[in-house]
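Chain naming follows the written order as A, B, C and D, and within any one chain the residues start at number 1.
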Amino acid sequence: MNDVTPFISSQAEVVDDLVAANRILVDRGVLDAYGHVSARDPDDHGRYFMSRSMAPALVTADDIIAFDLDSNPVRAGENRLFFERVIHGEIYKARPDVMAVVHNHSRSLIPFANSDTRLRPMVGNAAFLGEGAPVFDIRTVDDDGDLNVCTVPQAQGLARALGQHWVVLLRGHGAVAVGQSVRQCVRHAVIAETNARLQIEATILGPVHFLAESEIAYARRAKPKDPDRAWRLWKASVMGTQA
Amino acid sequence: MNDVTPFISSQAEVVDDLVAANRILVDRGVLDAYGHVSARDPDDHGRYFMSRSMAPALVTADDIIAFDLDSNPVRAGENRLFFERVIHGEIYKARPDVMAVVHNHSRSLIPFANSDTRLRPMVGNAAFLGEGAPVFDIRTVDDDGDLNVCTVPQAQGLARALGQHWVVLLRGHGAVAVGQSVRQCVRHAVIAETNARLQIEATILGPVHFLAESEIAYARRAKPKDPDRAWRLWKASVMGTQA
Amino acid sequence: MNDVTPFISSQAEVVDDLVAANRILVDRGVLDAYGHVSARDPDDHGRYFMSRSMAPALVTADDIIAFDLDSNPVRAGENRLFFERVIHGEIYKARPDVMAVVHNHSRSLIPFANSDTRLRPMVGNAAFLGEGAPVFDIRTVDDDGDLNVCTVPQAQGLARALGQHWVVLLRGHGAVAVGQSVRQCVRHAVIAETNARLQIEATILGPVHFLAESEIAYARRAKPKDPDRAWRLWKASVMGTQA
Amino acid sequence: MNDVTPFISSQAEVVDDLVAANRILVDRGVLDAYGHVSARDPDDHGRYFMSRSMAPALVTADDIIAFDLDSNPVRAGENRLFFERVIHGEIYKARPDVMAVVHNHSRSLIPFANSDTRLRPMVGNAAFLGEGAPVFDIRTVDDDGDLNVCTVPQAQGLARALGQHWVVLLRGHGAVAVGQSVRQCVRHAVIAETNARLQIEATILGPVHFLAESEIAYARRAKPKDPDRAWRLWKASVMGTQA
């Protein structure tokens, strides 16, 4: 009778995870007043969910809006939308395997975004960083001087730089992490930040030994053991629920 | 019937922002037991508001005093005034566009104040740092050995070093940030501190890529998108109000 | 009448310390969602106690399980066990003097695990680090690319790398600390992390002066003065008890 | 009628400051489970006050004991005393101007204690560091390998290394700060730690500019402006009193 997208069954679970993800990412220092996380609609892969433009710490299920992959809101009349939401739509187009996307400015990633030193995996759970996170320079698309990713060509350029990686850094700006689920996306974003800190500190000590190629390859074919334990603990600390 | 400066309409808003600014700047690590933030009177540009000499964390509207631009209190009999209030008066004289000033000693800025390495913008929201924050050396004015900026000639020297910048560092001392509003001034001070931390950590990784000239120039002519979102969130966390 | 191992007298004390150790190690940043600490059964040195597989912050006495030194649970039917529990069993086999073991991924140790710079004692209470903590590279045992220590040969290799040390670092992974009691093991793990941070920061300043050989030798024959004061304070802050 | 030293008038104030100092120094990261702070008896300069051996965070007025300058308790039967209390007695003997002493192991000072890089003043309020804090190496006194300062000759060596300075670093151990009052001693210890952090981070940026000789000389003859503002704020945050 109306055009509200009903959130039922697995959609409801995705939205629940998405709300928790907003708060967890703030609690873990990945998001602050800015940045945004989205999830692809599990029932319609041509849509994604994301909050209206607001501080992530304050997001509730009522703030979640459905978008098509051109990043237009499904329901007419929505306003106060993130300018950079095209990042999400264009990545979902380019990467059918991706079910969640976060754009952030976490503090240990920016030094790598502005350096020729690549962010590389220090430990097994960061093996998803592979041979090193690529860096997207928006000047390869256009050069007007606004570093925000607000146009389709810019977001397409970003998606190309991401390629088959799970994390891409944005020169002078921040990062984008993606995952096959909201939880994996959150894990990628949190671990990328932690790994960056470890790598900066290891660099003080001298040449750094990163994961071997065989270890990176192993992680590509193996699943992590009990990855949701961290999610449950992180969620409990922000949502007041039992871990 | 008395000489109390009435705080009405936009003055009231400025004072409200000024009280919040004191607490936000403590909460963000920009001020500690020392330092001070002021706002030009919106109804009389020849006056400015600042608290009496006290710990910024404890400032309420009752502690706000009006000063003329020679940094004398408008109302006779005020005492317990900041020794360094001339910083504020002389900058308001030299920079008609400036509506707020903060003097602070935040920890990541002092390394740059005592170094030949200039503080330069790492990300878009720090573009206001331009080609790099200038450093004021009080010995260019006099050399008695007290590093505090307590005389008009010292404050004039500081204002000259600031020039058309938004942040100036004080060798062996701290920093001054200015803005076209209290909120912008707070944003400049918080972002300068954050950017300094990013730059220190990036320096560990090797040569740092800063914003390009075109990106700095763009920021000079463009307004930031939704800059008050951070202010609202920061204020909510210190004032117990809704963000 | 049943196969439940009764916790009496000194066993009860060990279990009580083990529960506190889980929480202290989280509070001190040594454990997060992952990692595990165990204690040898004081009444049967062929057994050890450890929680089931769970977040250490949530461990209570009810979660503690008894294992034999082949890391099989003593009571049939136990499930949800740590994959890496062989670390504990094989170290207890190789080191009869060891009464407690912790495996962790604390952030300041990993830079040393991935570096040729050895972790060496900066202060007297870190003298147990001796001439430097050894680094275990799991590729010296096998090379399948999973960095976790899940098989007996891998754990035996780790125990060999530990040798007579109190701390061993695991390349691309984390660390293991051991002690002659739960309390000493906790102290070793906490101090190793603290010492790593001190050493990283000292490295920024230039060549680092570590403890002299005579000072390391002294610590081998002397007992620390009042080491339990830190334990009592740490326990009080996590268990709500009087220090 | 008994040998209890009555705490009256200015003694009462000193003891009150001493209790607050214990808690402030923990809150500021200068003390942890270990370390100790003392104050000379204002009515009898041949005595000093210090807590019994315990965690500084828990000290109350009831825990304060009077010692003579040979570091023997004035009242017979006192036990549980700090092994290193001779540090205090010997410094009070060597420095009649010193009214308070703290021995600590704060984390940013130890890198300088183990380095040839001297701790030097970065900002005006750290001018008391002068040309750089001296480093005491206990091996210049004896070489048994215990780094603790427990004998009179060791403490005399430490007092000689301190000389006319306000801070001395102890190789492989920690630091001692002194002051003309409890509050000044606390300020010296807190600022030394803060200055060390600033200097480490400045070192990452390149050659560091420290205070000029004339600025250090000025601080020797001038009093700091409103130094108690920090004390009042620090005390309020630990004692629940109004700042």
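Points to keep in mind about this one:
In the analysis below, a contact is a pair of C-beta atoms (placed from the backbone, for glycine too) under 8 Å apart; a residue touches a chain by one contact, two chains touch by 3 or more.
Computed from a predicted model, the values in this text were never measured in an experiment.
In this structure chain C contacts its sequence twin chain D using mostly different residue numbers, the overlap staying below half. Chain centres here are Cα averages; for chain A and chain C they lie 34 Å apart. Taking each chain's centre as the mean of its C-alpha atoms, chain C lies 34 Å from chain D. A separation of 48 Å divides the Cα centre of chain B from that of chain C.
Across the assembly, chain D contributes residues 204 that each touch 2 or more other chains.
Because contacts link each chain to exactly two others and close back on themselves, their graph is best described as a ring.
Every pair of chains meeting the touch criterion is listed here: A-B, A-C, B-D, C-D. Contact residues of chain D toward chain B in the complex are 121-124, 194, 197-198, 201-202, 204-212, 214-219, 222, 225-226, 229-230, 232-234, 243.
Listed in rising order, the residues of chain B touching chain D in the complex are 32-34, 53-55, 57-58, 83, 105, 107-108, 110-112, 114-117, 139, 143-148, 171-174, 200, 203-204.
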